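Chain lettering (A, B, C and D) follows the sequence in which the chains are written, and residue indices restart at 1 in each chain.
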Amino acid sequence: MALTGVIRPGHVQLRVLDLGAALTHYRDVLGLIETGRDAQGRIYLKAWDEHDHHSVVLREADEAGMDFMGFRVDSPATLEKLAGDLKASGLATDMQWIAAGEHLRTGKRFRFTVPTGHAIELFAEKEKVGNGMPYENPEVYPDDLKGMAPSRFDHCLLYGDDLDGTMKLFTEVLGFELAESVVAGPERMHIAAFLTCSTKPHDIAFIRHPEKNKFHHASFLLDNWGEVLKAADIITKKRVSLDIGPTRHGITRGETIYFFDPSGNRNEVFSGGYIYYPDKPPLVWTDDELGRAIFYHDRKLNENFLSVVT
Amino acid sequence: MALTGVIRPGHVQLRVLDLGAALTHYRDVLGLIETGRDAQGRIYLKAWDEHDHHSVVLREADEAGMDFMGFRVDSPATLEKLAGDLKASGLATDMQWIAAGEHLRTGKRFRFTVPTGHAIELFAEKEKVGNGMPYENPEVYPDDLKGMAPSRFDHCLLYGDDLDGTMKLFTEVLGFELAESVVAGPERMHIAAFLTCSTKPHDIAFIRHPEKNKFHHASFLLDNWGEVLKAADIITKKRVSLDIGPTRHGITRGETIYFFDPSGNRNEVFSGGYIYYPDKPPLVWTDDELGRAIFYHDRKLNENFLSVVT
Amino acid sequence: MALTGVIRPGHVQLRVLDLGAALTHYRDVLGLIETGRDAQGRIYLKAWDEHDHHSVVLREADEAGMDFMGFRVDSPATLEKLAGDLKASGLATDMQWIAAGEHLRTGKRFRFTVPTGHAIELFAEKEKVGNGMPYENPEVYPDDLKGMAPSRFDHCLLYGDDLDGTMKLFTEVLGFELAESVVAGPERMHIAAFLTCSTKPHDIAFIRHPEKNKFHHASFLLDNWGEVLKAADIITKKRVSLDIGPTRHGITRGETIYFFDPSGNRNEVFSGGYIYYPDKPPLVWTDDELGRAIFYHDRKLNENFLSVVT
Amino acid sequence: MALTGVIRPGHVQLRVLDLGAALTHYRDVLGLIETGRDAQGRIYLKAWDEHDHHSVVLREADEAGMDFMGFRVDSPATLEKLAGDLKASGLATDMQWIAAGEHLRTGKRFRFTVPTGHAIELFAEKEKVGNGMPYENPEVYPDDLKGMAPSRFDHCLLYGDDLDGTMKLFTEVLGFELAESVVAGPERMHIAAFLTCSTKPHDIAFIRHPEKNKFHHASFLLDNWGEVLKAADIITKKRVSLDIGPTRHGITRGETIYFFDPSGNRNEVFSGGYIYYPDKPPLVWTDDELGRAIFYHDRKLNENFLSVVT
């Protein structure tokens, strides 16, 4: 197979202040599908076109934020190999195996902390529950989708301090590539990195920030700009807190809107963006063009975007 | 890197009856950009968001059709390895190395014939000429795009007899996967195969057909369904011969329109389609649902689609 | 007020062979809202953004087709005046007043037959039931819309013999204008007329046809081309009989798809089209360009479009 | 004819600080078509689907803003009648006839000042120059459109003090209707009025403001939300000053983006909005919902929108 190693973002576990309010948001507003609850009370959800059992896990806690983000790898052998590589790299800390079944219908996961302070997981096995349509003679989408109805969990943007270390870990150990980056000052220090393990412009992204382990947003994929408008309308009809949008990113070219879940965790839904290939020259943005890089139309950052994280 | 081996369709060389008329079509109607002409008189073109020197080569000849389709591999080492694998496979015939430079700005290519009779090439080196924008602080698309202005050459659909042999070659030797297929009769014989080497629903496709080495269409990527309408309008404004569309495919879910170049070679422009991952369960269509599989709205094939090939 | 006289198509009463199947189609597939049933068993429906009580009435009968189409006029005084003008014109036959209440929540209607054999009505009063949102601080559309969810009943296309007489009645008595027409032969005989009483490119249209009083289609308004695609997807998901589309009309420029209700009555949903003003020069199409006039992309008529009427 | 009296906004004359910079903006960025220059040096432009000679006139001056806005009436007789009605109304001041030919290819105009201080004109004759396509067998749009390429000049929003007087003049003398309004405080004083003379949600709008005769924006019509995105991209590519958008209005439901010409005059391009009929119940917004009324997604006004006028 041509896509190997780490193949995609597989899940994100989010802390929410009130599980009921969060479920209403992620199921009825965002439009994910609930697939299970575990003995700890965590709620599992998936986007409609994902085949795996879940991609979002909600955990009630006293403080919002991200517990961890997990990536699917192509095989158990790759999982073992990458666990070994991570141990050997000296770049990861707090490494541990999480037993199969700790997440519903999921095999064992290898969890580690990257230099920016975020917990990341790798896993090779999660039960396929399908996308609501048969594998023989399907329709093009299922009936009865709700809310914004994104087709997939797409990526996270995370804020943390040691951006260089995290970039090194993702590119040198996990096989990601730097599709785009933002550099600052005459030394062209990296202040943002957009990393891909596939043909998407990014599968995970990081922005340099004084604190470790902060969560900026989890992003979900829509079909097109018309669906971004529909999402914006839903945000108002449901009185969801809007951050910014609809607009376009310069980085990735994606069409986007940002908003907050009831606990203050930021979500994005977006569409578009180019196809990334490993021989594509990386794009670089300088900090004087950061506004246009992030919000292509406004050409300036809103204060929220830089400072509100969970 | 996560995407390795054969990474994408890199070029298609088409035979056209009149080079001037073909250039007008591919440059002004389809909206490709001319990047060169060689000593043989061949014209080289690229879609605007491709970085390689060319993806379409037009050669004047007495008969329309496809000379060959070429795939980019990730490295010269992979090119050598796959050439060896092809030789060892017993599935390819007419194998030869084409010298570097035979195509403008392109390294050496390994050409072979697959069991359906089509000439396929692999190459590892083609000069990057960029997408008309700087690599630092770019815009989201260049100015002065013309015609339908697809961003990329995406795939070809080819007709030929020994579908099983070609499927075997692409999946077992070149590392492609079968994303979708159509089967006929109680034996569920494959009559169509949609093969991917990436996260696209197909990078090449084949339909079983009594004759060897027939060309059905070359396809180019648009951003969205609104661009498909614009393409349809251009087809009429320029009095291009329409095959069918705008419509949607059941297979791949793509939004599409088909038309003919002045020599009778079929083109497609399309948008949409799902993201393919190697662990996605393959989709199968039965021949009684073939109409819906190909043209999701009409739910029947037009005669042209099955019989007109070059 | 600037728009006076006959102001819009207000309703169409359709004959259906099976009321239950028809209701499923018009409510769940097309997405109209049921607003009542009368003692005769007729079912009343409206599109979501209409404020009047109903715009479609379904009547079970042994033969499909249209009973009549009704237009709203601006006032009871105008209703009386136009009834008198019609009587004086010598162009209408079978004139009668239908008592208030014969249609639910509707005032008295003046019914007459036009030279092409169709029954047309005028009315001045129908109860306002609103569009599902308050008149103070509304949202932009209500929740829980179903199916294709057109916002309005827009127009009908009718087939009949004495096109000249009907054109004369609509333009000279009812104040319509001829926005576009199709002419045939060296005498440029009118074979199609697109008539407007507003700023829409047509509020009613007629095509010359040997038989009197035939119904071609009732049309409903969608927001945009993306909604036309969604309608096309629904047509297939619900296995509705498709006539043609998605495509564009040359006449009106509208983006369109045609399909049939379970009784064989044709429906259209469409979006777009220009703004008509009374000083806009009329457009004329010649019969050699009829294909492009009707189906701008195909540039030829399908046999169904010309021959299948109810 | 069903649409009579004042039928549409016909032109707006804008003051610009530098005629060359303004022409570049209105022709190459907005995408209007230059149709003439007069002896005073004024530049005349039209949107592509307008048939009249011009809809925008640029005049170089020391201060930006609007000289006047003109409405087309249905006939010379109506022009005379409305001039008389205005004189009799006691609501208009500074009334004068402007001679035919003072604007290129335009008949005589009746100019008057409304209570908010704005100069408004009526005219009945302006030469038809067409929309770049023949009246027989046209295409659906001409080739070689540039920039945002709106199809029509649509409306203006003006700021001034005596809103009640201006509303009275437009509704009681000129036959406009109040489609939507914003009211403030327990007395529900009108602070904004959206007035229509057609089936559009507004042909002119006013917001209460301490100063007389201020110009907020001139608005131009796009086909759809995808064109609004294209306009937003052009705004950035051409480094035009963005005000706000892309977003949606609660009032009118239109999809919109605002930006400034080089002199600081605000422009809008928008798509969508409902069809207005004279029997449609008027919509009222209260000032506590003003944010959502104006910017449906943000649900708050940006400071610019309320304070920056020319």
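Keep in mind that, in the parts below, a residue touches a chain if its C-beta (ideal position, glycine included) is under 8 Å from a C-beta of that chain, and two chains touch if they have at least 3 such contacts.
Composition by chain, UniProt nomenclature: A, B, C, D = Metapyrocatechase.
Owing to the predicted nature of the structure, the values given are computational and were not obtained by experimental measurement.
Student: Counting only C-alpha atoms to place each centre, which chain is farthest from subunit C (Metapyrocatechase)?
Tutor: Using the mean of the C-alpha atoms as each chain's centre, the farthest one from subunit C (Metapyrocatechase) is A.
Student: Specify, for the interface formed by the sequence copies subunit A (Metapyrocatechase) and subunit D (Metapyrocatechase), whether it is same or different in terms of residue numbers shared by both sides, with half as the dividing line.
Tutor: Same, since over half the interface numbering is common to both chains.
Student: What's the distance between the Cα centroids of subunit A (Metapyrocatechase) and subunit D (Metapyrocatechase), rounded to whole Å?
Tutor: Each chain reduced to its C-alpha mean, subunit A (Metapyrocatechase) and subunit D (Metapyrocatechase) end up 44 Å apart.
Student: Round to the nearest whole Å and give the separation of the Cα centres of subunit B (Metapyrocatechase) and subunit D (Metapyrocatechase).
Tutor: Taking the average C-alpha coordinate of subunit B (Metapyrocatechase) and of subunit D (Metapyrocatechase), the gap between them is 48 Å.
Student: For subunit A (Metapyrocatechase) and subunit B (Metapyrocatechase), let me know how many angstrom lie between their CA-based centres, rounded off.
Tutor: 31
Student: What residues in subunit B (Metapyrocatechase) touch two or more of the other chains?
Tutor: 139-141, 224-226, 233, 236, 248, 292, 296
Student: For a test of understanding, state which residues of subunit C (Metapyrocatechase) touch subunit D (Metapyrocatechase) in their complex under the given definition.
Tutor: 1-8, 49, 51, 72, 74, 128, 130, 135-141, 151-152, 175-177, 196-200, 221, 223-225, 248, 250, 253, 272, 274-275, 277-286, 289, 292-293, 296
Student: Sort out for me which residues of subunit B (Metapyrocatechase) touch subunit D (Metapyrocatechase) in the complex.
Tutor: Result: residues 139-141, 143, 224, 226, 233, 236-237 of subunit B (Metapyrocatechase) touch subunit D (Metapyrocatechase).
Student: Can you check the complex and tell me which residues of subunit D (Metapyrocatechase) touch subunit A (Metapyrocatechase)?
Tutor: For subunit D (Metapyrocatechase) paired with subunit A (Metapyrocatechase), touching residues are 225-226, 229, 232-233, 235-236, 242, 245-248, 255, 257, 292, 296-299.
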